[in-house]
Amino acid sequence: MAKVNLAFLNDLVQAITRTERRGRGKDQLTAQTLLMRPPAERLAAACDVLMGRIGEAARVAVAEQALAAYAELDAEKQHDFFALLRDRFGADPEPIRKAYAAYDADPSAANLASLFEAVEPRRQTLLRRLNMAPGATLKLVAMRADLLKAIAANPSLAPIDSDFAHLLGSWFNRGFLYLERIDWSTPAAILEKIIAYESVHQIADWDDLRRRLDQADRRCYAFFHPATGNEPLIFVEVALTRAIPDAIAPILTAPRVDAPDEADTAVFYSINNSLPGLKGVSFGNLLIKQVVAVLQAELPQIKTFVTLSPAPGFAAWLSGETDSRAVALRTELEKGGWQNDPAEVERLRPEVEAAAARYFTEARSRKGAPYDPVARFHLGNGAAAWRVNWPADLAPGAVKRGHGLMINYLYDPVAIETQHEAFMRDGTIATGAPLASVLAR
Amino acid sequence: MAKVNLAFLNDLVQAITRTERRGRGKDQLTAQTLLMRPPAERLAAACDVLMGRIGEAARVAVAEQALAAYAELDAEKQHDFFALLRDRFGADPEPIRKAYAAYDADPSAANLASLFEAVEPRRQTLLRRLNMAPGATLKLVAMRADLLKAIAANPSLAPIDSDFAHLLGSWFNRGFLYLERIDWSTPAAILEKIIAYESVHQIADWDDLRRRLDQADRRCYAFFHPATGNEPLIFVEVALTRAIPDAIAPILTAPRVDAPDEADTAVFYSINNSLPGLKGVSFGNLLIKQVVAVLQAELPQIKTFVTLSPAPGFAAWLSGETDSRAVALRTELEKGGWQNDPAEVERLRPEVEAAAARYFTEARSRKGAPYDPVARFHLGNGAAAWRVNWPADLAPGAVKRGHGLMINYLYDPVAIETQHEAFMRDGTIATGAPLASVLAR
Amino acid sequence: MAKVNLAFLNDLVQAITRTERRGRGKDQLTAQTLLMRPPAERLAAACDVLMGRIGEAARVAVAEQALAAYAELDAEKQHDFFALLRDRFGADPEPIRKAYAAYDADPSAANLASLFEAVEPRRQTLLRRLNMAPGATLKLVAMRADLLKAIAANPSLAPIDSDFAHLLGSWFNRGFLYLERIDWSTPAAILEKIIAYESVHQIADWDDLRRRLDQADRRCYAFFHPATGNEPLIFVEVALTRAIPDAIAPILTAPRVDAPDEADTAVFYSINNSLPGLKGVSFGNLLIKQVVAVLQAELPQIKTFVTLSPAPGFAAWLSGETDSRAVALRTELEKGGWQNDPAEVERLRPEVEAAAARYFTEARSRKGAPYDPVARFHLGNGAAAWRVNWPADLAPGAVKRGHGLMINYLYDPVAIETQHEAFMRDGTIATGAPLASVLAR
Amino acid sequence: MAKVNLAFLNDLVQAITRTERRGRGKDQLTAQTLLMRPPAERLAAACDVLMGRIGEAARVAVAEQALAAYAELDAEKQHDFFALLRDRFGADPEPIRKAYAAYDADPSAANLASLFEAVEPRRQTLLRRLNMAPGATLKLVAMRADLLKAIAANPSLAPIDSDFAHLLGSWFNRGFLYLERIDWSTPAAILEKIIAYESVHQIADWDDLRRRLDQADRRCYAFFHPATGNEPLIFVEVALTRAIPDAIAPILTAPRVDAPDEADTAVFYSINNSLPGLKGVSFGNLLIKQVVAVLQAELPQIKTFVTLSPAPGFAAWLSGETDSRAVALRTELEKGGWQNDPAEVERLRPEVEAAAARYFTEARSRKGAPYDPVARFHLGNGAAAWRVNWPADLAPGAVKRGHGLMINYLYDPVAIETQHEAFMRDGTIATGAPLASVLAR
């Protein structure tokens, strides 16, 4: 506990004492003794106080203590705390029963409202009160990231994620987000997060970052939320190019055009969600569309909006295919060597393209969605699968997961909404002319 | 409809058509024909679309259209819309029954989560989606103000206010608010709202405003929310003085000290909530305590934090008292003339002070809370009833509602929390020495 | 002397003592005794210290004391101070003689540089050092305004204005100015200056100001300088209209178009220099051209940039004309009554227009420049005299000075530079078609 | 010429044509032909135009072209341009003679003003007009840096540096500078300049930078000027420590205290002037004193303000000393090996300290100032030579130039001004107790 505000601790102790309403004999609680208690105990005490009858300003202080105590917990103690949230901050069955009986007898709006109130888990109130502390929102997002890990180990904690998801979904409503351009005049404290959070095409160092931000052919945009300040929630890196690119290396290493007005195409070549604690609170769709609008206004000569995206499920999918052609192709690709052999690449390309085309249009997950997770995102947004590119990314990870394959998804502003709906309705995948011609071969 | 974006309207039409999934024969809907429909119809259509399967970006556009259509409704049509929210955007009984049956059989956290989901009225989702439009939050706050008026006329609409209150309470969480000082370097667009929203001691014009902001002995602070931008949600006007003031006119007309460091007292002489649509989402408590902290840091020589508050229920309460002393006093006060007669004031003062002391310490509402609404607020915050002052405000409204009586509530930082709790627990009212001595007479 | 920093005063005293290097016997100077001396004496002492061998940081403090002492002077003492600047802060003749002799013998660049250094009046150094105090620049501008008044009474002070003009011209170099839009989100502290400085068409109050700033058809721009902060040095008020207006009242009272995109014309209807101390350091030319550029970029449909300007010298000029037609016209106009008599206006208009056309194209000052001061400014900028409008302004001052006459000057971006040069070269006045047709009658 | 604005070039051509006032026959100048001319010719033409009778707005454009053309010049052509400034933009002898004759006859203020005007080299006007272009100030500072290099090769250019120095001194008046803290929330575009300009203790990379900025015991402050925006003109790096440090490595590698309130000393361990073109326009003095004031206000427990400074002239001075003790010490030091031999260090220390004490208090340049350039700066500011530290910096450059010696200069706020004056008056060097005790040995 880096820095302790004793006055607040005294308040907390008094509040605990008052809340507990019982003598403690020789074990009288004081600020000093509280300090010596383990953080899990301090946290539990603070949560009890928060749900009690204390003033708003005191709540802010107690919430601060609670979050500080939480920060000291290790994974095991975190798990205990989540179990506490599950078991002690649910809802009382009796009021629910009564409210349901009334609703069952007369399903009026008033009775529904009462039932809703009775059913809301008390931990939602607790989380809202924790959120009163300065900087709390980001800490609650991190807490949820811890929770998601804990759930992976112990699924019985899953129900309390509903409450986190519910509240975060409400707080991170798109109406509260703002789009900011990230460039070389952005504070270093934000830029270092861009370096840290970029996981699609990693940023080696500040020089590499500068190459992606401080050139006439580059743009980067992020969504921010007022309560999480400097934290870029999601960001997209854009290269302005002539024509649709078919490989990532040229984009990562050098400018594609000297001036924005020489470009006709905007390439979204990296999209990153920053905070695992915001899983399921998706902004990517909106980010891309808002950036398209910004670029259309600023650079009217840009007509094509497209991604250059990895195919992270391609190798896994191919290895699961059992027809002889797939098996043969996989064997060749895994053998390696083609990376540095142009003739070999030319020989293999038709086969790879055909497999890739099948992968993007036919391969499905068990739930019936596209097998490729990146495809699910872009097709779900209403983009079209435009063209497969091979070999397009020879970074080790990209070769391992996708045999070096990449794909362009096209965001055509006039077609997006219709394609989105068709995809949502029955899984229809929009395909571009280049991909279609591969399919037609 | 000031300005119409035809492209968006076309989207909306297409979305409606797709949502409705039916041919419309000759009555084919187009952007033009939609435009000619009444706003209530456009609004209802947009709400249906919003709840349907459209993309996020389209939702933003449709939400914008919906709010624009709402803005055209008169009170009657607003009422119809609220009834629609009540009747068509509730929750489906069947899933609730099933979820409840499961919960009833096993009241586990998972079953509680499912029940909570089933029970949440669909209008909460609708409101969250409406909130995606630019500037929507303030419009939804205004919509709730309309709703509160509509409920006054038609109590059957009350249940949907729970949903507004629930969402606004979550969005306007104290963790999202920020405190700003208001002074003469504040944009005029904010200052004019201060003029408009000041209802305790009205601001006559810009010169009057300047007198309250741009002098060394004045401070003004407001809470803002990122989503409502320039809107001061609540603000407090402060005068720095020597000693605790006993009348409002000197404060409103001239500086009390020449420089802040000559003052030992900060007087909160006017606190205003700006937006009726945020009723019940209270910030006042926190605002005062935060301003106390700001002033303590900036002006350490200020030791006393106190209000100079009206007594808006005093006249009504006195007129309901039936003992002869009260009746006699009321008769004298209502007769008037004392306002300009110092001797008369001296004669009446002991009687008024005695009645006032009784009023602030004994008078209760039917619910058992202090009768005076301002007292409820400050005592509930943990302040002490310090001193009654008469005559302290001779403005017509103040004379009519409070016979010119004012009171100081004392915010003693070290006592606030204890007094708050005592008040919350059993209604204990903390009294200051001056008031206590009146009571002891 | 509102607030005295005794520590600084002690420094000042010590510095004075050290500078003077002489015992003072019983009359030993102390901070307290210095304080009791009259401000003129304090100022003179501070100036001596500033020119002496003190550190930079001490200079800042002494400069502050000097400017504070200056602020206490009345007009007579200001005059004495300016005389002091003239007589004691000139240049030493001996070094000048030597430097000139060297230059005369060899007019090399090096000898010129030495001569320049010898010739520079010491008050320029003094003013540069005074400028080191916080907020000094604006105070020096005000000091020059005082000086200009003093010169009017005592021309022998004129030479020191060269030094002020020289330094202010250098400090207020256009490269240091920045253009800002003034609107309703501008801080009140700036807006109140707009009200105070508007002298062409006075602003009655804040409501009137709002009418000129906060409507879709209005723009206002000002130049600011970093060292004078909130001070709008010069500002122009713009109305967006359809067609070129011929009268001021409609512009001052109501919006001309509902939305900027309905306008085809931008009317500069009021241009104000704020600080008399910046006389001769002109920004107006550049302001108009920069605003034209801003509006062209933002509102491409606006094709016409024009003023609606007063004719403040018309009445004086007409009263000096001796031909019978002019005398007859003047008599009619001065008789009055035409203001409210449309028939009379129609009768007089051809005569007024003819005289006005002559006035703007032929009337000259003794120096050969256009007689009308506003015409000198706009024609000097390269604008064309477009159309005379009568009656166009019935405000008492406008009737008195200009018989209600106004004129549009046209700023045609492609013609400005050529017209400017022609005007500078030989006084050629560009005229618009409407004015030309009056001249041709 | 990266990007050419043809419209402006046409203006320029027209202006040149008009200025030259002569037909050009077949060699008619056009924008295209001008473009093909070498930059030196374009620059000379633009300068002529700038001095001619063109409008203010045209001046801005022409100044921009001139500076763009200058940017294309190599060192030789720069030299030619400076010679042009010297030879063609001086002052006319005839008016000077007349003005001097008048002044000689009557050395009145008015005649002095006329003489001053006649004597001012025309290049000052030219530079002021060049400064009207956007971003010009920084370019003129860079031009002066080029000039200083050119003067080193050709002293006959020296006189025109007077004009640059005169103007830059006026524009960079301390009243126009503002102090900003540099930390991790500063834009990267500024931070990279800190990396580039730090020459005392070089910054290896961004991680190194972060170590110096983003820790609780570090501060960094810079002066900026409104006209040069993001350019830190001078900056100082500060470490908060307990006690006065005697070696640089610990400061460069790790935090000295965990929290500012644990420190009692502020160490200015690196001060850098950024722009060689501002040579002689010194800000360092004021920067240090202003930072002292900022730190005193923010961290009142800090009582000692001190530098840890290199001794860049020590080795050169020692090698010039001829007494046997100095020769012996130099031989030992140059032999090396002591760096890694604690016993050797202990043996040599008394000798080094004695020599160092003599160096800082007695060694003089030919002009009589302290021999050490860093000493000249700090002693000139009024600091005291506090303590010599050896070995304190083992970086190769520090060993080469100063045998690893460093010194603390003490900035005692109450003594600075007196010490400054004593130093300025007769070269008195204030010494601290530790240094005095070495001298007394």
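Chains: A, B, C and D, in written order; residue numbering restarts at 1 for each.
In this section, contacts are C-beta pairs under 8 Å (C-beta built on N, C-alpha and C of every residue); 3 or more make two chains touch, one makes a residue touch a chain.
The shown structure was predicted, so the numbers you read here are calculated from the model rather than taken from an experiment.
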Using C-alpha centroids, which chain lies at the maximum separation from chain C?
A
At what distance in angstrom does the C-alpha mean of chain C lie from that of chain B?
48
Just the number, please: Cα centre separation of chain C and chain D in whole Å.
36
In whole angstrom, the CA-centroid distance of chain A from chain C equals 57
Check each residue of chain D and list the ones that touch at least two other chains.
none
If every chain is a node and every touching pair an edge, decide which shape results: line, ring, star, complete or other.
ring
Residue positions on chain B within touch of chain C in the complex are 3, 184-189, 191-192, 205-206, 210, 214, 230
For the complex, give me every residue of chain C touching chain D.
11, 14-15, 18, 53-58, 60, 86-87, 90-91, 93, 96-97, 100, 103-104, 107-110, 112-113, 115-117, 119-121, 128, 131-134, 136-137, 156, 158-160, 162-163, 167, 169-171, 173-176, 226-227, 285-286, 289-290, 381-382, 416-418, 420-421, 424-425
